[in-house]
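Both complexes shown next keep subunit A, but they swap its partner, so subunit B is in the first and subunit C is in the second.
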Partner chain A sequence: MDTLYNIGLSFRLAFRNIISSGLRTWLTITTLSLAFVMILFFNSMYTGWEYQGIRDQVNWEFAQGQVIHPDYDKLDPFTIESGHGNYEKDAHLTPVLIRQANIYPDGRMVPILLKGIPADQQIVELPTQLLKESKVNIPALIGLGMAQDNNLKVGDAILMRWKDKNGTFDAQNITIAGIFETNVPTIDAGQIWIDLNRMNQLTGLQQEATYLLADAEYNQTTNASWNYKDKEALLKEFYELIELKRGGSSFLYGILMLIALIAIFDSQVFSVFKRQKEIGTYIALGFTKKRVTFLFTLEGTMYAFIATVVGSIIAIPLLSWLHEVGIPMTSNVDQSRKMGITVGEYIYPLMTPELFTKTVFWVVVLSAVISYLPVRKIAKMNTVDALKGKK
Partner chain B sequence: MNTNNIIEIQNVTKRFPVGETEFTALSDINLKIKKGEFTGLIGPSGSGKTTLLNLIGALDIPSEGEILISGKNVAVKSDAESALLRNEHIGFIFQSYNLLPVYSIFENVEFPLLLQKKSKAERKHAVMQALDWVGLSDIANKKPSQISGGQAQRVAIARSIVKKPDIVLADEPTANLDSTNAYKIMDILKKLNEELGITFMFSSHDSKVIEYLRRVITLEDGKVKNDETK
Partner chain C sequence: MKKIFTIAFLLIGCTLMAQDPVAMLQKIDENMYSSTKITKSKMIVYGKRKNKEIVMEAYSRGTKDTFSEYLSPAREKGTKMLKLDDKLWIYSPSSDRTIQISGHMLRQSVNGSDMSYEDMMQEKKMVDMYTPTIKGEEQMNGEDCYILQLDAKVDDISYPKVKMWVEKKNYVPMRQDLFAKSGQLLKTINMEDVRPVNGRFYPFKMNYKDVLKDGKGTDFIVIEMQDNVPISDNVFNKANLKK
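Let's turn to the complex of A and B:
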């Protein structure tokens, strides 16, 4: 009870002391709250991007997991040739077959990945019903990026050449039956999607797939010799990318945070130097040196408390608004997609309670440590000299 | 130990390091102060007056000897015990007032009571009573920067007596004041000594203070040269 009373009293005194310090206090609080808002903003943006990216990649590309042919490595294009085979049918698996091919838009030869997927699939958001509805010879789906890069539109016929299972080159016109728009460039750039049955006929690879898309109920009993990767494993690279980006931006708010912490450190050094008589008076009135040290540390830490309150008043409505309207990424989106990075045209920042709590915790803890360092001197201070205000 | 003696100083010596040597500020001091005394330590600068007051107030510890306050040796107390002793039993009045600048007059006087965990009502009553004693209840809401030196010293007096301590130690309380204010302060202190029975101990070389003292202890070169009761 005594301890609680003493802590409460110290809080009251610390608050009064820093509020009465005027401009210096508000400068420190402004810098610190700016750093706090920046930390929240950048982290919310990356969290929002992460959520969007996960959702889009799961919905468009990964499903709930993939069962991959043991000879196929998506990072090694040479494995496409042999990385496919017969698979056991399973109601919870949707096959995808990949082959290399070329198209000839405007007389240029463009290497592409030809992907076959059942036209009646519903496991990913690819609009494959367009393949089913089309009456043309070889209907094909492409992404918006692919369409723009090759100047293609719905209804265009284009010559495609591929190798069948015996290594013989075949060529036929395909017709663009639909163009889809997605934030996932890895199913768009340089890729053409056709119905798997049609692809089986074109290549002679019957009942074969490169990988199988799994739904949530797949229990790994079929195709056990293939490599199963759940969606978390498939998203690993994306998580690493987000962490890399997060790390890069932490440099910016790290600098801001450093400036704020230096301001606190400076205020504390100034306090101990300038307020010696006050320190002596506290001791003469009945404070222990430890308690004066605590009071002064609390004053420094209180900058962080107030800064987080001020910062929250700014950040919470701002980030809630941005969560609704989104931050346009139009200047970066093309470049990012060309690099294969999943990014939407708008990023919707997402501030989770965990992110908020963690940020407040670290700002306050760092401020407390920085506040304590200069005031350790009080414990060694001579009370009599302090009372006289001797420097 | 005579129970009438609130302060007993036994063979106290205080030395301060000066470079590689030591300066002896007090040498083998022996004194007994009874409850309710109005005593002054006088002597020239450097005679050891303030040093002795600081030792009695547990703000410093003697190099040798013992200082007993109500029979307990303050020199062997821990930091927390010394702080408690100062808060509950000793009031201080300083030459330069030492008011806390960000607090109002009321809050400055209230401060020792906050540490004693008194209730709000008790604190308010005690603070207003203390301000009444020094004639400043009408400026309770002002800040130290808004009052004169004489008023500031009266606030410091109110702060020192608000908790009704056994002893008030006043270090050159009139040194920064003009004659009118100095006499006013001494009148107040004398009245408080008589009405509340608080033991007052001064350090001063101000003749106006000496006029009021009932016991005058003269220090010279860290030794008691004379001890005279009027």
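Let's turn to the complex of A and C:
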């Protein structure tokens, strides 16, 4: 009971001491709370981006996993030519066949990837039912990015040239049956989607695929010689990218945090130096040196407590509002899409309880460590000298 | 009057029938392909803003092996290409590296021209690839020509249908229209300025045009040609690329 009372007393004393320091205290708290808000803001933004990116890539591109032809490597375009083959049919797998082709918008030759997917598929959000409903010779779907790059709109016919399985050129008009809008540029940029059956007829490649999209119930018994990658493996590069970006932005709030911690360190050094008589009085009144050290450490840590409270008052409503309205990415979205990075027009920051707790924990722990370092000196102080205020 | 038309029609028909299209195609092959050839030529690539001229020297052996080196402009000088059977390598002096062109890269254009690397890879004689039919006669690029329709008789061929205008005197193709499987015209090659070289006849000016693209196409002008001259085996060696 005494211990609890003593701790409570120490908290009251520490709070009163730092508040009585006036402007210096509030300056330190402002810097620290700014760092706290920045940490929360950036991390929420990247968490929101990560959440959106995972959802979009799973819904539009990866499904629950992919079974990839052993000769196909998506990072090596040389493998498109040979990286396809016959597959075993499985109710939980949807085939996708990739071939290279060219289209000729406005008299320019544009190399594209021609992708075939069953028109009746429902595993990804591509609006392939439009291919089924269309009555034209070769209906095709393209993404908004591809449509904008090549000035194409629904109903436009454009000449496409490709090679069949024997390497013989063929060329016919395709008609744009639909334009889809997605945040996943890797299914949009330079790509044209057609019905797999039609693609089989055009290329002569029957029951062949480059990769197979798996649903959640696929149990890896069929197509065992192909490489199965679950969605986590497929998202690995995206996770790495987010971590990289997160690391990059930590520099900014790291600097702010450093300034705040230096301010705390400075306050603590100043306190130990200037408040020797006070330290001596505490000891004379019966405080142990350990308790005085604790009190001074608590004073330093109190900055972090107050800063997290002030920071939370700013950050929680701000991030909740941004979570609703989103942060516009218009200036970066085109560039990011050209680089194949999944990013939406708006990023909706997502502050999870884990992120909040972790941030509070680290800000408080770091402040406590920094506060403790200068006050270790108290333990070595001579009580009489301290009372006399001798340096 | 009716009789005159009938006689004229029969005469034309008989003349065309008298020509064996396969023999004609063989003659074209014999005329165009020699055992060895050294050619200095200029490629003019017509661009939207400016034209590009590349001078090169090429050594060829039969239909399978070719070695060529760019002589100008300074930026391209020293670039070498070696084709052996169905393989193609390019050496770039700026990077001092040799790369093999394969897969989809073969479809890319050669120095922005209307010719693809694949077009350079044609290695079979036409008589082995196509079944010819004579479709008529017409003047083309200033010469009296037979019109041949060539239909592919093998599967692994880039252009399944070719329409060819062949000069009557020396069996030199004066124009070729290359078609896709669907019948869509893809490329045209126009030949002019036929000159004798060591008993054979070659067009000294050719224009390659990808008809699906805008522009004037690419001219290929022969500056000098030597036919049936000895060429060392060392020329057709990968080691020669870095020399």
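Keep in mind that, in the parts below, the second predicted complex is superposed on the first by the 389 of 391 C-alpha atoms of A that agree within 3 Å, B and C clash if a C-alpha of one lies under 4 Å from a C-alpha of the other, contacts with A are read in each partner's own complex, and residues count from 1 in each chain.
One rule holds in what follows: contacts are C-beta pairs under 8 Å (C-beta built on N, C-alpha and C of every residue); 3 or more make two chains touch, one makes a residue touch a chain.
Because the structure is predicted, anything quoted here is derived from the model rather than measured.
Q: Which of the two partners, first being subunit B and second being subunit C, lies in contact with A:I283: first, second, both, or neither?
A: Once the two structures are laid over each other on A, A:I283 reaches subunit B alone.
Q: Does subunit B (first) or subunit C (second) touch A:D2, or do both, or does neither?
A: Once the two structures are laid over each other on A, A:D2 reaches subunit B alone.
Q: Which partner does A:R376 reach: the first (subunit B), the second (subunit C), both, or neither?
A: neither
Q: Give one of first, second, both or neither to describe whether A:K132 is in contact with subunit B, with subunit C, with both, or with none.
A: A:K132 sits against neither subunit B nor subunit C.
Q: With both complexes overlaid on chain A, does A:Q172 touch subunit B (first), subunit C (second), both or neither?
A: second
Q: Show me the residue ranges of subunit B that touch subunit A in the complex, using the header's touch definition.
A: Touching subunit A from subunit B are residues 50, 54, 57, 59-60, 79-80, 83-84, 86-88, 92, 94, 96, 98-103, 111-112, 114-115, 117, 159.
Q: Which residues of subunit C touch subunit A in their complex?
A: Residue positions touching the partner: 102-105, 107, 109, 152, 155-160, 180-182, 184, 186, 210, 212-215.
Q: For subunit A, which residues count as touching subunit C in their complex?
A: Within the complex, subunit A touches subunit C at residues 77-78, 80-82, 100, 102, 104, 106-109, 111, 159, 161, 163-164, 166-172.
Q: Give every residue of subunit A touching subunit B within the complex, in rising order.
A: Within the complex, subunit A touches subunit B at residues 2, 5, 9, 16-17, 20-21, 277-278, 280-281, 283-291, 382-384, 387, 389.
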